[in-house]
Amino acid sequence: MAIVKDRSNWSKLGTVLKYTLLTIGAFVMLAPFADMFLGALRTPAERISQPPVYFPRDPQWGNYLRVFTELPMLRWMGNSLFVTAMVTALQLLTSAMAGYALAKYNFRGRDILFRSVLGAQMFPFFLFIIPIFFILRYFPLFGGNDILGQGGSGFLNTYAAIILPFSITWYGIFLMRQFFMAVPNELMDAARLDGAGEFRIFFSIALPLVLPGLATLGIFVFVYQWNEVIWTMTVTRTAPDLQTIPVGIYLLRGAFIDQSTRSLQQAALGVSILPVIVTFLFLQRYYVRGLTAGAVKG
Amino acid sequence: MTDTSPTASEQMLSAAREDLIDQEPPRRSLAARLSSKAVAPWIFITPMLLFGAVFFILPLLYAFFISLTRWNSLSAPKWVGFKHYEYLLTTDPVFWQTFWNTMYFAAASIGIGVPLAMVLAYAFTRSKGRTVWRSIYWLPMITNVVAVAYIWKFVLDDRYGLLNRALGFLGLGAPGWLTDPNLALTSVVLIFVWMQLGHNMLLFSAGLASIDESYYEAARLDGANERQCFFRITVPLLMPTTLFVLITNFISGLSYFTLMLVLTDGNGGPLRSTTVTALYMYKMAFEDLRMGRASAVAYLLFAVILVITLI
Amino acid sequence: MKPVRITRVSVVSALTAATALVAPSVAAAETTITVATHYNQEQMGPLLACFDQYTAENPDIKIEFQQAAYGDFLQTILTSRVGGTSPDIYNIYSVWAPQLADAGTLDEPSDEMKDWIRANYGEGSVGAATINGTLWGIPTELSVYQLFYNKKMLAEAGYDAPPATWAELKEIAAAITTKNDQGVIERAGYVYGPSVANAVHVYYSQMYAAGVPPYSEDFRSTNFTTPESIEIVRRMGELFAEGITSNTNITDDFAGGSAAMMIAANWNKAELQSVYGDEFEATVGIAPIPNDGGDPGTMLYSFLWAVDSTSDAKEESWALLKWLNEAQGDASLSCTGEMLNDLGALSGNLADLASMDTDDSFTKPFVAAIESGAAKSQPNIWAASENDRTLRGYIEQVWAGNMTAEEAMAAADAEVTAVLSEQD
């Protein structure tokens, strides 16, 4: 009996250790956010005083409202929503179509194509920044360009410049293929016998069956795109009307140099992360699936 | 299945067909042919091929061409062959500095981040209230990088930041987290680990879920304690996941630069200590308009990543 | 069948939206002039009011204002230029002009315009806007570097006069510096800052004060390795090594009351005035750049209004610029002058400068440095922003104690000379 008792002591210690660890971790995760939310509530005087006041005595809740009146927050938010929604829709469409073809048809070159899709995931984004910028700039016949791509500004300074480069993802195609693989062929063959065309089968039979897959990819793309900074910044530097929330806040940093506007900046940052948090709280289980599908492959 | 209205794609196709084809083939047969098993897959992958050609293959070739020229993008490019590659590899001291910064960043972020994520995931999968823990640990991962950078700028401020105030309260010294050139990159690594922790924990907890509980039960019957369970069962059985996490983290670490850019106002300072190669490329291209040399930097870094991936 | 319908709708809407995306974001029913500056909305106040007045008087003109952070400004112009989406008018830093002019970015003013500029602006500021004999724009803000010192802090430490030599500066700074329990400098005797200019302009100013211009006359080689230059940089390193300043202590701290001295430009006036209020003149003192005896010297730089060469509205843009830089009605200042005056900045426009309030103890020394010729125009060298960044990098190496001044300046000289020789 002594052994059993000893063991249960050990496991009790393990439990304490476990929760201590998780709690410390959670504190480190949350404290910086708390620091920002507190910062947004400080008055300029509290910031200037030496040393600055840490816990605001007179919390300036109004700062969270000023964000909407003094900054183009609604414009940024609208842009973020529009761009994110468009990219998500486009990626879902292209990924579902390509993933379906790769999973459910036997055609010449399919295996090579699939292997290319896997291989293409290895190409990091930084490799594409310069060339895609100029491809969009000199895209023939758009944005005032002539057939040789001269004269106008191409897709630059339009939403298309932010959206188009993200219209396909190799990972999304791979992921959708995995989901379509699980759809039984019998269902589709039965529909073929009923005389349904291939597009009808895709849209009315296969797609509804992979809705969880679409949700998974959708939340993935949503989170990624809402937080995208480098590309959006590169193409909207000169088009304030098209900037998304994070890019707008970063590029407007010249307006946040004095202490009276620092709180405003912190409030704006707080507002910028709210939509993702809300979306995520509802849809997080789909996110798990997308990540683990990738891991299984490895 | 009795719905007879044509689908959207069929409508589009028949409209397109009217423009392109003479009246000869009967309507139904062409629609049927396009929607046959032989042709349909090609239509399904057309968007992928089209976008793939314009936004993947073309850019790769174009970037390579640019890397062989001297081009400020305002006047015509000048052909220089492999001069940029030669310059970067043999003459440019900055390139190699950024290269080692990059390696340090990628290696340190997996060295610190992966074990931490593994241990926390282990604790997490065997605890109560998982939804709450998960939501907390995921918060940084879904936060945009601009917010992350500014949050930490305030926390890490030398004199009045939360961290150094806390250290001062404990009677400890105050490191210059972001102002000391010897420390700044490590601070960036720590912030990056903080950002990525939820993501890696998630992967590990999925891996842990696939380990059969019977292993642990058997071990406990043999009198193994928690620590032994972790090192004797969890760590070895988790190997495939660990490898996957290590490799993907290392590769994404090598190409990462957004945090450094935003955190340092695009400087990559102090003293270039946080300038990783990808940031060096970005600044070279869009600040100094050296498109050719910057493209060469991109290709060199990619070559390194490729070699590491293949190993 | 429900999911199917949803899918169909989303496909169609995605396609319609995709075509709609391509439409240009700005409709051009009238002439729109886009004006880009690094001043923020608040600083631009007087000018924005003038824009409204101008568009009211000229209903066919629409003016849009674009702001970019100073650190992003050159990049913004270049990117927009590369992208074919340039603003029509921009307010640029004079040292950017050679690169922009070389790339064909700037529109050359008409002869009439040039004559007007030469007649109304000081020689130094016209020089800053001139590259190889061609005048490219209308000078605006003039910035001159001098030593700023906090009179009260110096007095408290027992010094009633500002330092005249670097040795005095170091002694005073050391006496003022205090550290907290953690060893972090709380109040610094002297401060630099994180921007390129915080190191490089200070260095240039000290070079002129030592009587050695930083670049050779043809702008193809440097004087970085002269004994004077090495001595200047070595002394910077000393302040760091001896714990008198650090990377934590920056120019912003001067307004914050936790730094006693810095070499900075007059545009800081507005902020210091707002911080110190009635105590402004009693607190902030201005003195010449400390040198080892000899004539005073320092650096000045200028911003200028320029018009983009691809603009559809060049003529309208120049007309607007001329209007903005001449006093309208019975106003004593032009619109630009009024904005600069509010900023506490100095104008290159002679009429504006004469009407500006420059009699206070803060402004006088700056104006004197311009009038006496002690302030030399920052050289418009090739790829100035890139070279300045390189130079800052090496100066920082000395601050950090990684390199000696000799090593750092030799390396900076080699790198900068290589870039300077790229121009044809």
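A, B and C label the chains in the order they appear, each numbered from 1.
One rule holds for everything that comes next: a residue touches a chain if its C-beta (ideal position, glycine included) is under 8 Å from a C-beta of that chain, and two chains touch if they have at least 3 such contacts.
Please read all numbers here as calculations on a predicted model, not as lab measurements.
Q: Considering only which chains touch which, how would you classify the arrangement: line, ring, star, complete or other?
A: Its topology is that of a complete graph.
Q: Would you say A-C or A-B is joined by more C-beta pairs in contact?
A: The comparison resolves to A-B.
Q: State, to the nearest whole Å, the distance from the C-alpha centre of chain A to the C-alpha centre of chain C.
A: Taking the mean C-alpha position of each chain, the two centres sit 37 Å apart.
Q: I'd like to verify one number: the distance from the centre of chain A to the centre of chain B, where each centre is the average of its C-alpha atoms, in whole angstrom.
A: 12
Q: Please list all residues of chain C that touch 2 or more other chains.
A: 1, 8, 11, 71-72, 75, 79, 82
Q: Among the residues of chain B, which ones contact at least 2 other chains?
A: 7, 9, 73, 159, 265, 286
Q: Going through chain A residue by residue, note those that touch at least 2 other chains and give them in order.
A: 93, 203-204, 234, 253, in rising order.
Q: Could you pull out which chain C residues touch chain A in their complex?
A: Listed in rising order, the residues of chain C that touch chain A are 1, 3-4, 7-8, 10-11, 13-14, 17-18, 21-25, 38, 40-42, 66-72, 75-76, 79-80, 82-87, 256-258, 271.
Q: Would you pull the chain B residues touching chain A in the complex into a rising list?
A: Residues in contact with chain A: 1, 7, 9-10, 31-32, 35-38, 40-45, 47-48, 51-52, 54-56, 58-60, 62-63, 66, 73, 119-120, 123-124, 126-127, 133-140, 142-147, 150-152, 154-155, 159-160, 162, 165, 194, 197-199, 202-203, 206-207, 220, 223, 225-227, 240-241, 243-245, 247-248, 251-252, 254-255, 257-258, 261-262, 265, 278, 281-282, 285-286, 291, 294-295, 298-299, 301-302, 305-306, 309.
Q: Can you name the residues of chain C that touch chain B in the complex?
A: Result: residues 1, 8, 11-12, 71-72, 74-75, 78-79, 81-82, 103-105, 180-184, 186, 194, 246-248, 383, 385-386, 393, 396-397, 400, 402 of chain C touch chain B.
Q: In the complex of these two chains, what residues of chain A are touching chain C?
A: 48, 50, 86, 89-90, 93, 133, 137, 142-144, 152-160, 163, 203-204, 207-208, 211, 234-235, 237-242, 251-255, 258
Q: Hey, which residues of chain A end up touching chain B in the complex?
A: Touching chain B: residues 3, 7, 10-11, 13-14, 17-19, 21-22, 25-26, 28-33, 35-36, 39, 51-52, 54, 93-94, 97-98, 100-102, 105, 107, 110, 113, 120, 122-132, 134-135, 164-165, 167-168, 173, 191-192, 194, 196-200, 202-204, 223, 226-227, 229-230, 234, 245-247, 249-250, 253, 265-266, 269-270, 272-273, 276-277, 280-281, 284, 287-288, 291-292, 295, 298 of chain A.
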